[in-house]
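Structures are listed in the sections that come next.
You will see two complexes here that share chain A, one where it goes with chain B and one where it goes with chain C.
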Partner chain A sequence: MAAHSIILTLIAAGIIGAAFGMILAAASVKLRVYVDPRITAINEILPGANCGGCGSPGCSGYAAAVVKEGASPDLCAPGGAELACIVAEIMGQVAQEKERMIAVCHCQGTRARSPDRWTYDGPVTCSTAHSLHGGPKTCIYGCLGYGDCVKACPFNALVPGIDGIPVTIPERCTGCGACVRACPRMLMRMIPDKVGFYLACMNREKAKAAKSVCKVACTACKLCVKKGPEGGNVMVEGANLPEIQYGVITDWPEANEICPQNCYVFRTAEAASAAAS
Partner chain B sequence: METFGQLVAIVIGVIFVKNYVLARFLGLCPFIGVSKKTDAALGMGMAVTFVMTLASLVTWIIHRYLLIPDSSNLIYIIAHAFKPDVVPEDFNFVSTLRTLTFILVIAALVQFVEMVIRKVSPPLYEALGIYLPLITTNCAVMGVAILNSQKFFDAGGEGAPLAWSFIFALIQGFCAGIGFTIAMLLMSGIRERLEILPVPKAFRGVPIAFVCTGCMALAFMGFVALVKS
Partner chain C sequence: MAGSMPCTFPGGVHPKDCKEFSREFPIEVAPAPGKVRVPLAQHIGAPAKAVVAKKDEVKKGQVIGEPQGFVSAAIHSPVSGKVVEVKEHPHIFGRPTLCVVIENDGNEEWAEGMGGDPEDVSALEPKEIIDRVAAAGIVGMGGATFPTHVKLSSPKEYPIEIAIINGVECEPFLTSDHRLMLEEPERVLRGAEILRRTVNAKRLVIGIEANKPDAIGKMRDTAKEILPDAEVVELHVKYPQGAEKQLIYALTGREVPAPRAPKFGPYFPMHVGALVQNVGTAAAVYDAVTRRIPLIERIVTVTGTGVESPKNFRAKIGTPIEALLEAAKVRPEANKLILGGPMMGLAQGSPDIPVNKGMSGVLVLTGARPDVSRACIRCGKCVDVCSQAIMPQTLSILAEAERFDLVEGYDIDNCILCGSCSYVCPSKRPIVHLIEWARGALGAIRRKKAEEQKV
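And now, the complex of A and B:
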């Protein structure tokens, strides 16, 4: 009886399994859904970091957006110009050259330069600190240093420097913009990789108010606009900040000799390698 | 009225008292894996509810007509047509097939449903699609099927179905999914808050999630007295 039962059980289980297998096989033929092969092709060559820099939810979302909704093929910042070319080729378009951008923190106000007004003891995130009376820092525009951008970076391109102010490692930065969206103070901004300097201050106050909160705050004195290269700097109305015209100048090593507050930061190879190590 | 009372007991019992995650500890891998964000947790919960209800329906039918050795057994009926002298007792072996058949049925069913949804309703597929394959071999779904058959058939699943058992099985499957969803949502809320808290390094991520699960399970112990088991 026992051997008999085992055989019967095996046969019954085999028949049930085979029946379900056949149903599924038939269903997979009958219910096949056509997927555009271009979506699969694009999805395969995308970096797969799911950084969201293109505006779509993840890489597969972007692949579908390119094919179905006609999204631009050069939106993938991590892939860069190379990938844009391949995507455009798959879509039968011609890609345009896109300048390589990297994100840097536009603040150099360490605690020594802009001390805390009060002691912050909450969750260690910039967004929470920022929402509490503008954060503990004296300068309400300055970097809080709790590392929201560092956590947001999918490529480990940001490292916390002095007092947590992030330092960008240019080789790793793909310009996806995840940190730009993460920073509650909007201090992470994109600059072209080829330029050698940037204005590291986002304080929108006027001279006295700016100077009183940070030792390296831009006082909107306009000296760089007046004495700098012609058309290189333009004052932004209402923001009390000059905006460097990277289309006109890409490097200006003497900037801090003119700027009384030493607001300019120069991107040197040593600083980047020191941050990377 | 008695039936209604039984129904209420099943609903409360399955959602709170014997919650599949927090009291029976079934389906912990999606519970820990997909509870990091509320959106994902809700999607997973809905997919599990959907699959549990369907699985309850199908496994009840399979159990009734394939796994009970009586005169309405399909295998017996087919064999009887060819060889009139067989008796239902010859097919006692079918009751040993229960676990195996349920695994097969649920896995095949989920795959099949996924195909159908993909073909028929793309928006529903967008919402549930990525979670469905994760549930094919989920132990909570399997648990619902087995507990249904143990609870709503005579002699621990060996005998004929009790009155109303089909409806009861469906309700139990659906409510098990609801209970799972509630546990998922509670957990995702906790974990979203945990993200920004200064948790000691060794506890970050899954360990603290398990500690929280334990605390929630303790809290759910408070429901025990609600329904007589």
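And now, the complex of A and C:
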């Protein structure tokens, strides 16, 4: 009796399995969704970090956007020029040479230079601190140092330095822009990797007000515009800040000899390796 | 009697009430400020629009800010003098707000038709009363600053059965409502009667926490004389007993549904037939309806371990906090300033903030030090004390992970920001701060969605 029911069960299960198998086989043919093989191909070679730097939701979203919406093949910052070539090849296009960009913090106002006005005692994020009277730091434009950018970086390219001000490790930075979107004060900005210096201040106040909140604040004295390399710096209207024209100059080691506030930061190999270690 | 009267509510905490610092000191008029800085956003709803400009002469009580829309409130000049500027200045909420700065000429000259003797208003139509309340710019003075005329104009399908006057004052340290009930019970009760008549409620109940026996006695005696059918109810001492929904539950046994309960929300106290007004609001309503006096001053308790002589001030709206602190003599070792009570008040980095309509206290503390917040250990204490029956720990964890898409499902809209969860948290987590932050982010997501739907 026992053996009989076992055999019966096996036969019944076998028949049911075969029937459903046939239904599934038919469905897989009939209900097939066509996926462009190029989407799959591009998706496979993308880094898979889902950093969102391209503007699409994740890597698969970008792959679909390239094929279906004709998004540019060179938007993937982590993949760089090499990946752009392959994507362009898959799409039958020719990739354009794109400059490698990295993100750096445009502030060097440590607590010794711009002390705290009061003690902040809330959740340890820049965005919550920033929403309370502009944060504890005297300079309301300066880096708060609670590391929203460090947390946002999918490649561990940012490390907190003195008083939490982030230091970029250039080799790891892919220029995806996740930190740029995370910073509530818009201090993380992109610069070309090839340049050797940048202006590390975003204080938009006029001379006296800027000087009173930070020892290394840009006072908008315009000396860099007047005395620096011709066309290298241009004042931004209404912002009380100069903007370096990286198309004109890429390096200017004497910048801080001109700048009375020592606002310029130079990218040296030692600084980068110190941050990496 | 409709419903039972539990006299308390589920959940809640028992912080030390610390009222002994300031409760013995009678209300005194704050020193006249040389300049007042009146913010145009002192209420829930749209900020008022400035109707005066630099160099304008204004009289005391003159409208300087017109309400923008129905849920908004008018702003009046608390002094007579000259407008110095209309400019953005720091405000209690942490963002600069447009303020009207007026130089006080010290003449205290009332605008036309204001500040006369009280007139008899027993024959006044409810509509006229609501208009007068709206014209006076009255908002909830317990701290929430919801425009009072909006609360009074509940639609016909929700008849108000019970008018509740909130004299609970459950926040530790604060004694402004306590002193008001002791010193001016008549104003409060007459204002309460006007409120009750406006919404045509059968019952008028004044709820006071049991830690103020003198105020309960005084209110009962006065009520016996001028308003025999008003009930003065002694409530259990527990925080947040003075929160609107908790007070309604304590007095009627009715629960106001969640603000975004599925399908039917949002819900307000009127949906359970209740109207709740603070004692300070009731007193302001009395002045506004009988003497046409707008809301230009309020009682502010200046207290805490950081002041030498705690005081209860009657201060003009727009008075700089610095002036009050000077009069109360701040100790040199004081290191924390909170506007409001210690549970729900807003800590400030500088005293450069004016008194506003919802500010019941200025708290100065010594020996405050920042807490080191640690990870949630899932002990569930915050769930036990949450009087709104939500899960603060989950919300705080979601906020930290920036999962603002999930917080709505955990009833973040239910939170009344009472701070009981942060008070009991053994990991010293800033739970309320995280919830408030997540709520702001959720609001931004909702606005974005609504805009997308429009397009």
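As a convention for this text, the second predicted complex is superposed on the first by the 277 of 277 C-alpha atoms of A that agree within 3 Å, B and C clash if a C-alpha of one lies under 4 Å from a C-alpha of the other, contacts with A are read in each partner's own complex, and residues count from 1 in each chain.
The rule we apply is simple: a residue touches a chain if its C-beta (ideal position, glycine included) is under 8 Å from a C-beta of that chain, and two chains touch if they have at least 3 such contacts.
What you see is a predicted model; the values in this text were computed from it and never measured.
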{"item": "Side-by-side fit of chain B and chain C on chain A, or clash", "value": "clash"}
{"item": "First (chain B), second (chain C), both or neither touched by A:Thr128", "value": "both"}
{"item": "First (chain B), second (chain C), both or neither touched by A:Val248", "value": "neither"}
{"item": "Partner chain in contact with A:Pro136 - chain B first, chain C second, else both or neither", "value": "second"}
{"item": "Which of chain B and chain C A:Ser28 touches, first, second, both or neither", "value": "first"}
{"item": "Contacts of A:Trp118 with chain B and chain C, given as first, second, both or neither", "value": "second"}
{"item": "Which superposed partner A:Phe20 touches (first chain B, second chain C, both, neither)", "value": "first"}
{"item": "Touching partner for A:Ala12 - first (chain B), second (chain C), both, neither", "value": "first"}
{"item": "First, second, both or neither for A:Val234, with chain B first and chain C second", "value": "neither"}
{"item": "Broader residue contact with chain A after superposition on the shared chain, chain B or chain C", "value": "B"}
{"item": "Part of chain B, among the options 26-34, 134-142 or 188-196, whose backbone runs into chain C after overlay", "value": "188-196"}
{"item": "Contacts on chain A seen with chain B and repeated with chain C across the two complexes", "value": "123-124, 128"}
{"item": "Complex contacts: residues of chain B adjacent to chain A", "value": "66, 75, 91-94, 96-97, 100-101, 104-105, 108, 111-112, 115-116, 118-119, 196-198"}
{"item": "Of chain A, residues touching chain C in the complex", "value": "117-124, 127-128, 131-134, 136"}
{"item": "Chain B-touching residues of chain A, taken from the complex the two chains share", "value": "5, 8-9, 12-13, 16-17, 20-21, 23-24, 27-28, 31, 33, 123-125, 128"}
{"item": "Interfacial residue positions of chain C with respect to chain A in the complex", "value": "90, 94-95, 347-350, 370-371, 373, 399-400, 430, 433-434, 437, 440"}
